[in-house]
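Order of writing sets the labels: A, B, C, D, E and F. Residues in every chain begin at 1.
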């Protein structure tokens, strides 16, 4: 696949997660590693994430599991919780996914991931809880 | 939820992943920590994994992401690749999910997870590749 | 064990670490995952931490070792350093425990854990050093 | 502290964990990095582990928490489970400590650590369970 | 850069580490994820490792640091110790690099990495020690 | 090696990375663990980092690989990026080294490390990019 096609696919996939994602990535890396931004767009999103063999919801679930388990990539987790909402995963499903990480990577990893989700949900004005606030 | 109900739910969920899973777990822990096996059945599967808010395929996707990213839980990854097949995730989808972990946790984590999948697929006689062996 | 008994045991154990711990946990999770707070109280503290087979000091030592080694769970480490003080571990013992993590998880993990301890000790007005400030 | 004193302290501490530990360490490193064996004896055991400010049981608890949480240092975990037995920690206490790691680093880390303990206990002919095999 | 050029660069770089590396990688992934092997050759080696801005010795040093610190990627560490030898890093330098990982990721990570190096050195018939076996 | 010699070597090595490093380390640890600062100076820098068998650039490359891969030691990574500049590694080489960590520990680890480098470079008024800002 030519670079331009890879970049185009990557940009298109990124736009489904967040219209501002590619721009923010390129702006952040411009003063230090613009090639790295290219790699993330072309390889990360253009070659890998946009492959047709797995639906976007499942891709986000894998991503949330990996990022929450690792624990340290807080900004990336925030971005992919937002991306999960954009591809149609509900807030309640995101919460279920992050809670479950407690089994595999411990309660602190899950707790901190849920705190990140809480901020993303607040920013987007959505809630994982029933409208009445009851479970 | 009474313990017996939690245990029953956990056992039922485990059986959907592998009919022999609960037995193997209890047998392995019997000489050292039978209470820990109870916790895994009652809490891990009965309270968490069997919650209704997320479909089993998505739960397995989160799990594969977390286990592959951590890298060291090889037996558990093997068990959950098998479980993913049991709940209807295709071999090709599992491969896509594990490949994607390279982005978040590095190529070695993804490579080693794919090797585990290769063994599980061989044991079950399934393949992620088209029948002709061509892509 | 019925849920109410598990919750009661968990709440009692949490109170020995910090009287405000359960309330803070429930308040933080209320808008996003109240069930997760239940799990932490009932399972984490009620079923696991309050088991009779290990003294509270040893439980805190295991916890400090695990959290400091993982590195990313900073808030949880802070909470359990505070909890260790509450169950009678001295500031000097906590420092010894965290220093030792350097051997198993590296100097950065130990250094960052000691910095967290420094803040907890300052908040509680205690010191690991002899009164004269000399060693 | 002169090197010889550090080495002597380290050797003495190692002997309390396992009389063959220093020899095995030095033999394993001899063909590749004998200086590294010196560092482990002199610094790891002589300067750090043998400090007087923390009792040996607590030191082993921190170590078990750290090693089990990291997951990959299997041989070292085996050695320190053995060492914990040598300084008087009971098999049942070791099991409690390793189970608890599930809360902080996930069930797979705890499960794999318990499997290591099972092998150490079998080698030493001890059991964490009541004599009748009942709990 | 067209795919063929990326693949060619990657293959050439891999050959400098080990003439059999690309073949072994492709053979291992053929029955499960041949696209993943392509990505490793084209992106991993062709786009990243073969960039001109850093000398091969430094690239291997970064790689050894990362792999040894993570702890779980044993086969990859083995491959890159071998690759380091191929690009002219001496056995003694590799040992120094891996020992140093003890500071940042703990003694067990460094110890296990040194054990992997011992096997690679034995396979290639080289030694990090002076010819007399003395230091 | 007597303690004073180890301390002297460590202090000298630290000064090559940053003239204020030892003072900052000792000041930060003074109220909580002055012995730990001694260990870092005497053992970490005096015994390990100042060993003659590996050039300082290679030592910093190993360190950057390890710290960036672990992800959580942000302050230490910042310090060693600064130290790498001090021993003559160019900003462009540091960027190459950190980008490469994406292969072994994932894109988030590399991205976050590059962000740390961006701050260090800004503080020192250096840039990894050609003077025209073009690549």
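Note that a contact is a pair of C-beta atoms (placed from the backbone, for glycine too) under 8 Å apart; a residue touches a chain by one contact, two chains touch by 3 or more.
Here's who's who by UniProt: A, B, C, D, E, F = Carboxymuconolactone decarboxylase.
Since this is a predicted model, take the numbers as computed values, not measurements.
> Chains shared as neighbours by chain E and chain F?
The common neighbours are A, B, C, D.
> According to the touch definition, list the chains common to the neighbour sets of chain C and chain F.
Looking at chain F and chain C together, the chains touching each of them are A, B, D, E.
> State the chain with the largest centre-to-centre distance from chain A, centres being mean CA positions.
D
> Report, in whole Å, the distance between the mean C-alpha point of chain B and the mean C-alpha point of chain D.
Once rounded, the distance between the two centres reads 30 Å.
> Provide the C-alpha centroid distance between chain A and chain B, rounded to the nearest whole angstrom.
So the centre of chain A lies 22 Å away from the centre of chain B.
> Could you say which residues in chain E touch two or more other chains, in rising order?
In chain E, the residues touching two or more other chains are 35, 39, 44, 48, 51, 66-67, 69-73, 76, 95, 99, 102-109.
> Answer with line, ring, star, complete or other to describe the graph linking chains that touch.
Looks like everything touches everything, fully connected.
> Over in the complex, which chain D residues touch chain F? Could you list them?
Answer in residue numbers: 1-3, 35, 39, 43, 47-48, 51.
> If you look only at chain B, which of its residues touch chain F in the complex?
Those residues of chain B that touch chain F are 69, 102-109.
> Sort out for me which residues of chain E touch chain D in the complex.
Touch residues, chain E against chain D: 70-72, 95, 98-99, 102, 106-112, 114-115, 117-118, 121, 127-129, 135.
> Can you list the chain B residues touching chain A in their complex?
Contacts found on chain B: 44, 48-49, 51, 53-54, 57-59, 61-70, 73, 76, 92-93, 95-97, 99-105.
> State the interface residues of chain C toward chain A in the complex, per the touch definition above.
It comes out as residues 28-29, 31-36, 39-40, 44, 66-67, 70-73, 75-76.
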